[in-house]
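Please go over the structures that come below.
Next, two complexes with chain A in common: one pairs it with chain B, the other with chain C.
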Partner chain A sequence: MNQLLDVKDLSIAFETNEGLLKAVSNVSFQLHENAILGIVGESGCGKSITAMSLINLLPSNAIVSSNQMLFNGMDLRSIDKNKLYEIRGKDIAIIFQEPMTSLNPLMKVGQQITEMIRLHENSTLKEAKQKTQWMMKKVGLSNVKKLYHSYTHELSGGMLQRVMIAMAMICQPKILIADEPTTALDVTIQAQILELMKQLNKENHTSIIFISHDLGVIKEMCTEVMVMYLGYCVEKADTSVLLKHPAHPYTYGLLQSIPNPKKGKSRLYAIPGRILKLSERPKGCPFCTRCKRATEKCRTQLPELQEISTNHFVRCFYPLDHPQN
Partner chain B sequence: MKKRKYSFNFYIGIVIVAFLLGIVIVSFFYTPYTVTQMNIGKKFLKPCWEHLLGTDHFGRDILSRIMMGSQTAFQVGLISIGIGLFFGILIGSIAGYYGGIVDEILMRIMDAVIAFPGLLFALMFVAVLGQGIVNTMIALGIMSIPQFARITRSGFLQVKPLKYIDMAKSIGVSNFRIMMVHILPNVISPLIVACSMGFASAVLAEAGLSYLGLGVQPPNPSWGRMLSESQMYLLKAPTYSIVPGIFITLSVLGFNLLGDGISAIRDPRK
Partner chain C sequence: MRYLLRKMSSVIMTLFLVTVITFIVFEIIPGDPIAAKLGIEADKVQIEALRKELQLDQPLIVRYKDWIGNALKGDLGISIRFDEPVINLIQIRMMVTSRLALIALVITIIIGVPLSIITAKYDNKGIGIGTSIFSQIGMALPSFWLGILMTYLFGLVLKQFIPGRYVPMEQNFVQGLNYLLYPAIAIAIPKIAVVVRYLRNAIMDQTNQDYVRTAYSKGLRSHQVMVRHILRNALIPVITIMGMIIADILGGSLIIEQVFTIPGIGRLLIMGISNRDFPLVQGMVIYIALIVIAINLLVDIMYHFIDPRIKLN
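On to the complex of A and B.
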């Protein structure tokens, strides 16, 4: 499989009044053609900004540094402005979390999709319109002629998310960044939207970076998963391996936290402690304050990301049981 | 579609403005007499069938002069608001969109402009660069830039952090297009209100300057000038001064009520 995206040692910090806040530290990941990479973590762990940094969508006080950021052999760090505008949307498209607020309320829905086409393809308005309606049908919207001329407040959340997907997919991007695309939707719609994204992934061979805090959704969608905690990548593996044999205590905790109807009315599991603020990151392992197995070593030294079996990386001194250990 | 409810003020405002606009349009094609045509034998006539609003101290028809004067008033209003709107939107959107030091510099300049009392600045401007309608319009235009800039900037500050602007960026829309196509429409409605109010104050300011003899130059008719010329004959021919006074009041009132009515429509609390 071709490597589409290769990011090495990505760090992101924010300049604030209280000084430099490190939000993401030394995150590396690769995205292969046709693959779906999941990024999991609690809110504020840096999963969204990791993805946004790829096409430079961070606020101006962000400082991004990395050893490598290659997209299709092109260095994303030293790209000029016009090329960046070209990549945005055409090669790397984003679906945001809240479809209700991510579309312009003063523009017709169809116009917004058409705008995307007109920005990246040389087509007449009529062609663009036809393509828009064709795409809207493809993502499962009906009555597209009428919908084309609707405003966002006239549509439901699920419909708007379909519009967003239509917009993101219309130029057939190589990478689709889906930033918690189903968080704001109810469960039945969620299943439909996920199905739709999978289908588009198969048909158009679009690679997807799927950001979520829901391991259930990740299990459905992704081929590979990266677990993030406080800006660190704590574990990375193929989905099946990670779900069966989580090696990092945090991943284990996340898996335990998924409510299981079979267990009956037992108390739901929660990882003890709270998420730290970025400004109070511990010196050692980021998870040491909430980890049952933490030792003195964990509190003072930062564990390195080590490969415990093929393509299974974990940042922990004492990884949990693993068949090969 | 739900039917919109317009306020009482809006209706009165629109009737007055429509009436004045009607006068302007008619004056392009027809006035009862030529405005500069003097007739010393017929000076200070009371309103009669021949001269509906009477005549002035040169025997000129007041109705005709009022009609031509409305052209002047609207011309000054439109052009000065146009200048203010253009530069105000430009400055306000750049300041609001880019923020930081750019914002700081531009808005402090605007503060400096606001610090001058409007009419005083216009007086100074006209006194230095010469009397006449063009300089009057430029001066009034410059004075109205800050209010438009501030309204535009505040709208930009509100809309810029919203998700759909990020979305627009993420699909590769350029900064300029984001400013003009995605953010500006959100700011249009407060700007329309400001235009209507600003129009009223421009008409008033033009009348004031012309009254002082600095605005429109004779023999071109202007409501303010008519007012100043007529004051010497206040007792002899009261209609001569009352009529332009009424028209100035009417246009200020009309545009203010209209602005008020529009702002009431877009106020979701009502």
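On to the complex of A and C.
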């Protein structure tokens, strides 16, 4: 499998009134062709901005640094502005979390898709319109002629997310960043949207970076998973490995918190403690304040990301399910 | 349809109230149109004759009934001071004021809108702070003061026009335009300040919206995002302000017309009031009320076109 994206030691900080806040620290990941990489973590752990930094969609007070950010052999850190505008939308497209607010309320939804085509392809308005309607049909919208002329307030959240997907997929991007695409939707619609994305991944060979706080959804979707906590990558592995042998206590906690109807009436598990603010990040392991197994070493030293089995990385001094412990 | 009916009934109600109030106010305030017309030394017979002719011997209600009856037929009566039909007087002055208003409005828009965009874009940098200060001062400046300043500077020092004179556009287009341009600028400056203040805030509000991030993610350049996405959304709250500005200018910039001696609606109104020329004032009050109503209607309709979420009913 070819590597499409290779990011090494990505760090992101924000300049704020309270000083420099480090939001992402030394995150490395690769995305292969056809793969679906899941990034999972609680809100504020840096998963969205990690993805947004690839095409420079961060607010202006963000400072991004990395050792490498290769996309298709091209270094994203040093490309010029024109190339960046070309990559946005055409090579790397994004689906956002809130379809209701992520589309322009004053523009017909069809026009918003057509705008994308006209921006990246040389086609007449008529061709672009036809392509839009074809794509809208493909993502499961019916009565597309009428829908083309609708406004966002006239459609449901599920329909709007389909429009968003149609818009993101219309130029057949190599990478699709899906930033919690189903969080704002009803559960029944959620399954349909996930199914649609999987189907598009197969048909168009589009790689997906799937961002979610829900390991249950990640389990259904992704080939690989990266777990993030307070800006650190704490564990990274193939999905099946991670689910069977979670090595980081945080991953274990996340897995425990997925409701399981088979277990009967047991109480839902919750990881104790609260998520820290970026400014109160501990000196040692980021998770040490909430970890039952934490020792003095955890509180003072930051564990390195280590490979405990092939392609299974974990940032913990005392990984679970490991022969040494 | 129901919208129109409801709107019409409120228009009629407003006009009725406005005319009643001006009638009553004229009854209360001191001053006499006859004295204003004939002078203090007129003899008794003359005064009595004119009083009868103007029906001033009749009670208020009767006079109002007569007046409104005629007004409904389109006859606003004859000005006491000018001995001319009120409608003619207003029409002639209206041409002047509407030209002045149009020029002022064009200046306000072509300077106000780009300035707002720049201020919003460079919020915390030199330009942004500079325009913020300008808009703060501009809003505080009374336009008559600007008018006096400009009369002095462009009229007396730079000799661009002769203060106290007015050349109609029909006579000499370039000269006429010149005589309207300076008062238009004096009107426009405070209005630009208001537009910048509101539009800048609206643009900055919209810039943080999710759909703007989506627009960037599509690969649009920042000027495309501004023109195609942000500006239209930002204009929605500003339309109301624009409507108020237009009504304000069209209703006669009373003081500016006085300062630049432009024979427009504003000067006519002042003359009418100081001469207690009640048919004239009454007619002008109706005219101004109609303008305000028409502009409000226009704003409603524009909302409907710009924002698909708003339905007229």
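Assume the second predicted complex is superposed on the first by the 321 of 325 C-alpha atoms of A that agree within 3 Å, B and C clash if a C-alpha of one lies under 4 Å from a C-alpha of the other, contacts with A are read in each partner's own complex, and residues count from 1 in each chain.
Definition applied: contacts are C-beta pairs under 8 Å (C-beta built on N, C-alpha and C of every residue); 3 or more make two chains touch, one makes a residue touch a chain.
Here the structure is a predicted model, which is why all the values come from computation and not from measurement.
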item: Clash or fit (per the criteria above) of chain B with chain C on chain A; value: clash
item: Which of chain B and chain C A:96 touches, first, second, both or neither; value: both
item: Partner chain in contact with A:153 - chain B first, chain C second, else both or neither; value: second
item: Which of chain B and chain C A:166 touches, first, second, both or neither; value: neither
item: Contacts of A:135 with chain B and chain C, given as first, second, both or neither; value: neither
item: On chain A, positions contacted by chain B and by chain C; value: 55, 57, 85-90, 93-94, 96, 98, 101-107, 115-116, 119-120, 164, 167
item: Residues on chain A engaged by chain C in the complex (per definition of touch); value: 55, 57, 85-90, 93-94, 96, 98, 101-107, 115-116, 119-120, 151, 153, 164, 167
item: Chain B contact footprint on chain A (complex, rising order); value: 55, 57, 60, 84-90, 93-94, 96, 98, 101-107, 115-116, 119-120, 164, 167
item: Chain A partner contacts - residues on chain C that touch it in the complex; value: 209-211, 213-221, 228-229, 232-233, 306-309
item: Chain B to chain A touching residues, read off their complex; value: 100, 162-164, 166-174, 182, 185-186
